[in-house]
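Before anything else, here is the set of structures, which you'll find just below.
Same chain, two partners: chain A is paired with chain B first, then with chain C.
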Partner chain A sequence: MKLDWQFWSRRLIWLALAIATAVFLLVKVHARMYVSRPALDLYRAVEAVPPDKIIVISCNWEMGTYGENGPQTEALIRQCLKLGKRFAIFGWTWPPGPMLGQQIAERLQRPYHRRYGRDWVNWGFNTGGSPMIRGWAKNIPGTIKEDIFHKPIMSYPVMKGVNTARDVGLIIDITPSNTLITWIEFVYGIYRTPIGYACTGVMAPEAFPYYDAHQIVGVLKGLAGAAEYEQLLGYRGDALKRMPAQSSAHALIIALIVLGNVIYLRARRRGQAPGARLTTT
Partner chain B sequence: MRSVAPRLVIWLGAFALAAYLGIRFHVFAPTLGIWLAAIATLAIYSILYRENVVFRLFEHIFIGLAAGYSLYTVVVQVLIPKWFTPLFKEGCWYWIFAFLVGTMFYSVYSKRWSWMNRVAVGFFMGLSAGLGIVGFVTGLAPQLMASFKPLWAQRPPYVEFNNVVFFITLVTVMSYFFFSFEQRHPAVRGSARLGRWLLMIAFGAIFGNTVMARMSLLIDRLQFLLLQWLQVFGKG
Partner chain C sequence: MMRTRQWAIVLGIYIVAGLVGAVALWWLTHALTPIFRPLKGANLWAAVGGSVAFWIGLMALLHRMPASVKKRVAVVVTFVSGLFYVLEFYLPKKSGIFFWRTHHTNPFSPMLDTVGVATLVITGFTLLLATFNLCLVHGKNIAARRTGYYNSVAFYLAFFAMATFGLWQNHAPTSKLFASKVTVAQVYGYLFNSTYVPLGSTLFSVLAFYMATAAFRAFRVRTAEAGFMMVAAFICMMGQVPLGMWLTHTLPLHGPLSHLRMESMANWVLGVFSMAGLRAVTFGIFVGALAMSLRIWLNLERGAFFEQEL
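Take a look at the complex of A and B:
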């Protein structure tokens, strides 16, 4: 029986990828990251937020990108809890985002002796896009009204003195979507509130023109960004644990690209591949 | 067939009751959750072998769950506290206009009343255009300013090098997008060609990031399957 190579080659690549990553997940390898400038800048921006201002953690993500945005959210919330920076979880693109942020914050708050309402709050999900963000920047209590437990947000001590975007020390947009531009246009552009960005790897190249123009203070680029942040915080979380597997997958993909090109060039030389020189007789 | 149906109903009912009680009293909630997540993950990954019924079933379950959860969140966290309560409990009668404008969108289904949909769409188009102008000034103008970079006397020297690379990339890529006239002159043609190459490098970098992102998601699921699910499997 002849093997259908066209059918099996792709499946074998999936299998090789699964093995290459699984091995490095099961074998403990201590990854050490080179901390990039954008990640370091975001870390310092969180540290520099004064005590009279709140940090907004904009959880604009959902389960589909948990692999990247989850460790980023965890690292950023951990830093806020560790430093005692008050923060608010908020979402306006993906409805599950604030709930996922809530789960992470609830799990992390105990070791740092922080409490909901006193040290942090969850504003929940809101619709309305750009006009809502414009309204939010002018009047936070009027736009948000209630937290996820349906209590007025101003009844919590953590909200003391937080009325407009000028009372926000830093907004960190954690997202796989193009929501950053709304924060920049309607909050940074008008109120000069600093913006940080934690995005998926796909979105990272689009962030750098904003970082270069100083419209955002720092960038966390996908899982690698989360791993850099974990290293800055001095703990070994999911991102650092996954980085050896990530590097192994990348190495395999590079090897497969080289192999694919060699096979293609050989076939082309023999006149068996598209792009081959046609010989006329 | 007749004798099988009642038994099947009883078994399904018993299973549903056991599952409900187990979750309600936290007997096997974590284990059940992990098992459900593992089955769902494997069902979705089954597409890697070939198209199949199990993948389609779980794909539809996910779409239904996402739509249901989104609807629930919008109703509970947005419509009730920000529209229903002010309108009916706090006497803010003017919130009725939000309902009227919102309803106008649905007039598209009637030939007679579809003009009302155009009024609502026109209103929001005007709103978006106005916000777009604000966005251009506050979002893009600083980037235009930031593209004027000094090319010499910078410390440390790599900044100077970076700025030169930035300048060459900016000029050559812009020259590639001059489509108003034919690029005949060798200088313009050469610049446009270099711009195209630099664009290819940028696309390669973007694609590399995309691969990195997709691998991160795969690793997340594999970590779950290997360390959370199989551990439970081993204990069971």
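Take a look at the complex of A and C:
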């Protein structure tokens, strides 16, 4: 019986990738990151927010990118709780985002003796996209109105003096989507409110033109960015624990590219180059 | 010559329409502002009932209109809606041209909240329409027993379970489920954390497996450009992970040799080559988006959904 190489090669690659990641998730390996400039800048921007201003943590993500955006949210919330910076969780592209942010903040607040309403608040999810953000920047209580528990947001002490985007010290957009441009156009462009960006790895290159132009204060690039942030905060969270698994997955993919090209070159030398086939299923 | 005259006529029509639209818009939003104030009790229900009746009536009327009238309505609504944001954004905050205003302020700015609320309401309608459409498609699958209809059954089960417990826990989170000790919020939390979260993560993580097979089967270094891309991919992939950083960890952190460290090279590729390319692409995209927006706003767009002349 002839072995179907196309069929089995795919299964072998999937198995290799599963093993490469699973082994390093199960075995404890101490990973060390070198903190990049964009992550350090974001860290310093959070530190520099004055006490009379609030930080907005825009949880524009959902479960699909939990692996990257989850540790980023956790690291940023942890820093706010640690430094006693008041913050608001908010979302406007993915409905589950604020709820996931709420779970993370509730889990982390106890060791730092912080309390909902006094130190942080959750504005929940708002639809409306860019027009809503324009209105929000101009009138926060008028646009948000209630928190996730259906109480007026202005009834919480944490909201004292927060009326427009000028009262916001920093907006950190945590997202796999292209929402950064809306913040830059309608908030930074008009009110000069500093913007930070924590995105998935694939979205990171898109942020660099804005970072270079100082339109955003810092960038967290995917899981690596979250790991760098954890290192800055001095704790080993999910990101640092997952970095060895990501290392092995990257190494495997590079090895597969090299192997694929070696097979291709050998076949071409024999005069039977198959060419690239994009069928991957 | 003829074409220039045609364009002049079109431009003239838009200027006149813009002026008339601006005045109408200003009057309309002022007149509608009281509607968006919070109401309570009987007034609230009367307003809800009135709004529903009004929109059903309006939709029924539009439905009976010929296609050309419907299109004209869509064109006018698009133009007037776009005009509001143009006037609010581009006109100065304070100017002598607003001589009839007490502080010479932009008359459109105070209406931004009202229009924002209207946008929220419209978005709500589109969500409802999408839900209705989804239910209709899956309902037809089940009724006709099409191939894989059991997936549609799964959709209905998941949809109603999440909707029921989501709305219930929103209304009364501490109420007990069928006289048990389990609260509605706990059930919703379980459904969310143990079903929705892992399903979403699994769906996305499957991409990694396809990416690995694609890297093996499709990434061929046939040209010099592909070779450069492979080198850049190697540096960027390795520069983001501890393994790559470890490969060059013997090099000093400062000084000329530090630029050869993997993370430094990755940041250089991202911050110089990739950024230059992305700037060019982004610039092109936004110039295109501006042109596209203008074409839609001024009803010049043709093609899908716009192919028929009025």
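Just so it is clear, the second predicted complex is superposed on the first by the 273 of 281 C-alpha atoms of A that agree within 3 Å, B and C clash if a C-alpha of one lies under 4 Å from a C-alpha of the other, contacts with A are read in each partner's own complex, and residues count from 1 in each chain.
Here is the rule we use: a residue touches a chain if its C-beta (ideal position, glycine included) is under 8 Å from a C-beta of that chain, and two chains touch if they have at least 3 such contacts.
Not measured: the values here are computed from a predicted model.
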Room on chain A for both chain B and chain C (clash or fit): clash
Touched partner set for A:Gly101, first chain B, second chain C, both or neither: neither
Contacts of A:His214 with chain B and chain C, given as first, second, both or neither: first
Partner chain in contact with A:Ser9 - chain B first, chain C second, else both or neither: second
Touching partner for A:Met33 - first (chain B), second (chain C), both, neither: second
Which of chain B and chain C A:Gly196 touches, first, second, both or neither: neither
Which superposed partner A:Asn139 touches (first chain B, second chain C, both, neither): second
First (chain B), second (chain C), both or neither touched by A:Gly169: neither
First (chain B), second (chain C), both or neither touched by A:Ala22: first
Partner chain(s) touched by A:Gly260 [first = chain B, second = chain C, both, neither]: second
Common ground on chain A, meaning residues reached by chain C in one complex and by chain B in the other: 14, 17-18, 62, 64-67, 96, 99, 126-127, 131, 134, 201, 204-205, 209, 212, 221-222, 224, 246, 249-250, 253
For the chain B and chain A complex, residues of the former touching the latter: 48-49, 66, 69-70, 73-74, 77-78, 81-82, 127-128, 131, 134-135, 137-139, 142-143, 145-146, 202, 205-206, 209-213, 215-223, 226-227
Chain C to chain A touching residues, read off their complex: 85, 112-113, 115-116, 119-120, 123-124, 127, 192-193, 196-201, 203-205, 208-221, 230, 233-234, 237-238, 240-245, 253, 261, 263, 267, 270-271, 274-275, 278-279, 282
Chain A residues within the chain C interface of the complex: 9-10, 13-14, 16-18, 31-34, 36-37, 62-67, 96, 99-100, 103, 126-129, 131-132, 134-135, 138-139, 142-143, 201, 204-206, 208-209, 212, 221-222, 224, 243-244, 246-254, 256-257, 259-261, 264, 275-281
Contact set on chain A toward chain B in their complex: 11, 14, 17-18, 21-22, 25-26, 62, 64-68, 70, 95-96, 99, 124-127, 130-131, 134, 145-146, 148, 150, 181, 184-186, 188-190, 200-202, 204-205, 209-210, 212-215, 221-224, 238, 241-242, 245-246, 249-250, 253
